[in-house]
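Each of the next two complexes has subunit A plus one more chain, namely subunit B in the first and subunit C in the second.
Entry: the complex of A and B
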């Protein structure tokens, strides 16, 4: 029996900020556009973004895209592609003003313009000591406001949403490798349907759930990354994950940097304020990566807290209930709920926690997926696009600046939409023929799950995967740990091929969905640890004990990991911007 | 039929915020199906979390029971 086929001009997988910005562009152009999403659009993880969206509007202080570009290049530790960064910064004002006109409720100045606040790493005048006021926010709900605005606009333009549909695999044309659509599972019925399109965009978000300590919601299982890897596409710079120093131990929930700004500090098991040793001046206010590395060193050297000596403590009680309740809203509730510790009198257990994935599916600044072919490092894959956290454009390089993630979503959401419209309109025939075996691969994956009566439990494999990644590929990377970790993840990947589910029902079978998500997590974890083991330098979010310095001579290049053969390739960083002079690599100090 | 309702609700507990994922997962382990929860989850993620964490008491009186139960998780 062949699968049911549904035809669209364009398919967008994922309904977070980037996916819905792209679908809006497509639907406005009158194209028949489908958006597939595992959860209701306004429950996408974009909702968790609080900080704001960067744009050099210069409403409060002098600012311009050149300064923003400099900060982003430097923040990326010079691994970001400078043409893509220029493109993003130059379009920032435009896309933010568009959101404003769509009705997004930004905070405002008295003169009615969008209020802007400073944010770490964003400066004036090419890294001077003066901070730029560049972040546009809607209270502490910027992501939420963005999702709602975009969802309403999409409803108005008749974007067709397929809610509680999980995309499973890409369909490629064996002739030229073009992407012709996706297979997707309708959770309501358990049926698999073939979605055929003239252009397919992945906007599935990050994969922070591969780590045990993660601030990411449960939905962030790297679905697009798994789909791309299984279809033969490489994943770029997957070794770079940003860690946040203060996630609640055992839960991952974020405790804002603001607590250390208000005077909170970290202690090891001896009650020592250890940051004084690592950063005598900034102490606990040193940058995210410095604090995270210090915490990891303390734990590694046996000075961690608790029976397993695997976390440190955050001390806030000296601030008094006034400061904690009024200046740090929500922190007390989070600590009590997830750590069973009331910061007014108790220490709060914390651990560096994975927050954001800089790598992803290799794409250019128009959202087109690009792969090496012959002598061309970046050959365009016909009809295939990727944006947002699942893509590597690469504007964040080895380390992302705060408030640049929401900007990334909207700029490349719009540009990919524009490119897709152009490409679709240039096509000579409506839809190409699908290969005869389209969907067979997906069916074989599901058939295995249906057939296996015994095997590995999904939850066991998942727990081992997350613990292994945490122990072997965490914030501070040690050579022996990495080598051992690669071996362990290979074993876990084999186990994931033997998973079984006891519930074989079709309708709304969440166990089956979780088994399919595990496949995606496995691809992501493998790409991450293999890429990290191979990169013999420290740059941005990758910190190696054996290679503590950045090595521009040998490692100023992007990693490409391929599932087939678990092999790596590399490609050059775009050091040449579109119109301005290149920012030459310098030592990154703040 | 009960399993179906439970599974559907279980998936509705997948939210955009980790805070909610964790509380709802724990609650569902002990209460596989709670019709009040089903209705309460129609609210938006940020509103839900403010209510569940106790930062906000702005919720409909008919949700009093489920709010108290979730706050106790």
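Entry: the complex of A and C
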């Protein structure tokens, strides 16, 4: 029995900021597009972004894309591809102004222009001590404002959403490796359908749930990464996982860097503003890797707060109720709910918390997936695209600057849409033939879950995976921990192959969904820890105790991890921008 | 704590039933969602929606001891020892705590939830004063969780004809936006015995909104505008 096949011009998997920016472009061009999403679009994790979206609009301080580009290259610890970074920074004003025209409710300045606030690592004049006000904000709900605006525009264009459909596996053409579509599970009925298209875009977001303490939503399970890895594609720079300095202690919920942009700062148990020692210029607005390491060092050296001295404090009360209620209302709500602390008068306990995956499916700045082939490091995979957190373009390199993620979503959402339209229109009218065994792999995965009456419980394997990653692959990484961690994750991966679920129902079976998500989490965790163990240097978010320095001579290169045999390969960083001079690597201080 | 949870799987159950669970809480369990996740560890056959676990995505709206709310920001310490959890009222149940929200989103779509401006877009942002922007506060923050509409008796009776508090709050969000030019058409779209005027200011919506928004006030403002344009 073969699967039902549905044919479209384009498939977008994921309806967060990047997926819906791409689908908007496709729908406006009149292409028959299916957007598959495992949650209703406005439930996507873009909704949780708080502080803002970067664009050098210069509404409050002098600014331009050259400075933004410099900050992004430096923030990336020189691992970002400079052509892609130039592309993103040059299109920033355009895409943010478009969001405003779509109706996004940005905060405003007295003159009616978009309100902008300072953010970590964003400076004026190529890294001077003066911070740039570059983060365009809708209070501290910028992601919510952006995601809803993009959904509303997709309502207007009548985009066809397949809500609560979970994409499971990619279908490839055995001849040239092109991607022909995906298999997907309709959660409500349990039905599996093959979606065929002339262009397939993955916009599935990150995988922060591989760690025990994470700011990420339950749904961030690296689905696109798992699909790509199982289909034989490499994953790039997965060792670079960002710890956000201010997750609520004990709960993990995010507190935006925007609080420090508005003037908040961190204190240790002695009441010392310790960031002055680590980053004399930018202080609490140094980039995230720097602040997270400083906090971890304070805690490690006994200057943490609380009975266990295991967190630090965020001070906001000096900003006054006016600023807090007006610019940071969501943060006040979160602090009261999750920390029992009202920032208007109390200190808020915080701790570095896993937040963002810099790595992902290797793609260029038009969203096309690129893989090594022969002597070409970046051969284009026909009909396959990836954007947003699941992709590695690479604009964030080894460490992302705050507010560059929302920008990444809309810039590459738009550019990938433009590229797909061009590519689809250049193709002959009929779809290619599907391979005879298309969908068989997916069916075997589901059949195993249906048949197994005993084995490993999904929740046990998942908990062990998350605890292992937390203990072995943290802010500071130690060689023995990494080696041991790789061994443990390999055992966990084997266990994940023996999972069983007691729920065999066809109807909205969330146990089945969680078992399928576990397969994706396993691939992401494995790629992260294997890549981290292999990289013998410290750069951006990867801080190794045994190799404390950046090593440009040996490690100025991107990692590529392949599922098969846990093989690693490397490819050069694009040091040459599109039109301007390269930014040469320097010692990184803030 | 003891949870009684509504269970129904159309694949195997003839009719819905309530099932009791004793949950051993740990120190780190703060919110009702933490307890629900614990239940799922004991019994993987229970289905509910959840995602952000911080009250911004709107996935985990359920009926808690008779009142709609988000499980992820409902503190366990604020609840009695025995809590009854049911799916949102008035919606078709797909399974357990998962309801079919088609009608709710249809009503949202029906108010044309997007800014319409016929002028050629300027090169830079359209200007909007802080005072004009202030008008959107208390409106744009809606997370479409449906706590309000599914607590509204008028919506229970006429989910196909009455827009409901969530949809009407958003209708006013676009009327109130200084950049939107379609106020007249938006009012026309609501000029109907059901779409707007089925609101009888019962105010359940205000009582349950987890984001502390006030749909009744927004509905009142739309009604005022209707009156204004007839005199």
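Rule of thumb we're sticking to: the second predicted complex is superposed on the first by the 487 of 590 C-alpha atoms of A that agree within 3 Å, B and C clash if a C-alpha of one lies under 4 Å from a C-alpha of the other, contacts with A are read in each partner's own complex, and residues count from 1 in each chain.
In this section, a residue touches a chain if its C-beta (ideal position, glycine included) is under 8 Å from a C-beta of that chain, and two chains touch if they have at least 3 such contacts.
Bear in mind the structure is a predicted one, so any value in this text is a computation, not a measurement.
Peer 1: After aligning the two structures on subunit A, examine subunit B and subunit C and state clash or fit.
Peer 2: clash
Peer 1: Can you tell me whether subunit B or subunit C touches more residues on subunit A?
Peer 2: The partner with more contacted residues on subunit A is C.
Peer 1: So, does A:101 touch the first partner subunit B, the second partner subunit C, both, or neither?
Peer 2: A:101: touches subunit C, not subunit B.
Peer 1: Identify the partner contact of A:153: answer first if only subunit B is touched, second if only subunit C is, both if each is, neither if none is.
Peer 2: second
Peer 1: Under the stated touch criterion, which partner chain does A:334 make contact with: subunit B (first), subunit C (second), both, or neither?
Peer 2: Both: A:334 reaches subunit B and subunit C.
Peer 1: Taking the superposition as given, does A:498 touch the first partner, subunit B, the second, subunit C, both, or neither?
Peer 2: Neither partner.
Peer 1: With the two structures laid over each other on chain A, which partner does A:506 touch: subunit B (first), subunit C (second), both, or neither?
Peer 2: A:506 sits against subunit C, while subunit B stays out of touch.
Peer 1: Figure out whether A:39 sits in contact with subunit B (first) or subunit C (second), or with both, or with neither.
Peer 2: A:39 contacts both subunit B and subunit C.
Peer 1: With both complexes overlaid on chain A, does A:130 touch subunit B (first), subunit C (second), both or neither?
Peer 2: Neither subunit B nor subunit C is touched by A:130.
Peer 1: I need the one stretch of subunit C that runs into subunit B once the two models are overlaid. Options are 56-64, 110-118 or 218-226.
Peer 2: Stretch clashing with the third chain: 56-64.
Peer 1: Show me the subunit A residues, by the header's touch rule, that subunit B contacts in one structure and subunit C contacts in the other.
Peer 2: Overlap of subunit B and subunit C footprints on subunit A: residues 39, 42-45, 47-48, 141, 144, 148, 217-219, 251, 253-254, 330, 333-334, 337-338, 503, 505, 507-510.
Peer 1: If we count contacts the way the header does, which residues on subunit A are in touch with subunit C in the complex?
Peer 2: Those residues of subunit A that touch subunit C are 39-40, 42-45, 47-48, 57, 97, 100-103, 105-114, 138, 141, 144-145, 148, 152-153, 155-156, 188, 217-219, 250-251, 253-254, 330, 333-334, 337-338, 457-459, 501-503, 505-511, 514.
Peer 1: Across the complex, what residues on subunit B touch subunit A?
Peer 2: Subunit B residues touching subunit A: 3-4, 7-8, 10-11, 14-19, 21-23, 25, 44-46, 53-55, 73.
Peer 1: For subunit A, which residues count as touching subunit B in their complex?
Peer 2: Counting only subunit A, the residues touching subunit B are 38-39, 42-48, 141, 144, 148, 164, 187, 214-219, 251-254, 329-330, 333-334, 337-338, 503, 505, 507-510, 513.
Peer 1: Residues of subunit C touching subunit A in their complex?
Peer 2: Going by the criterion above, the answer is residues 9-12, 28, 30, 40-41, 44-45, 47-59, 73, 75, 94-96, 98, 101, 105, 109, 112-115, 117, 121, 123-130, 132-133, 136, 140-141, 143-144, 174, 177, 179-180.
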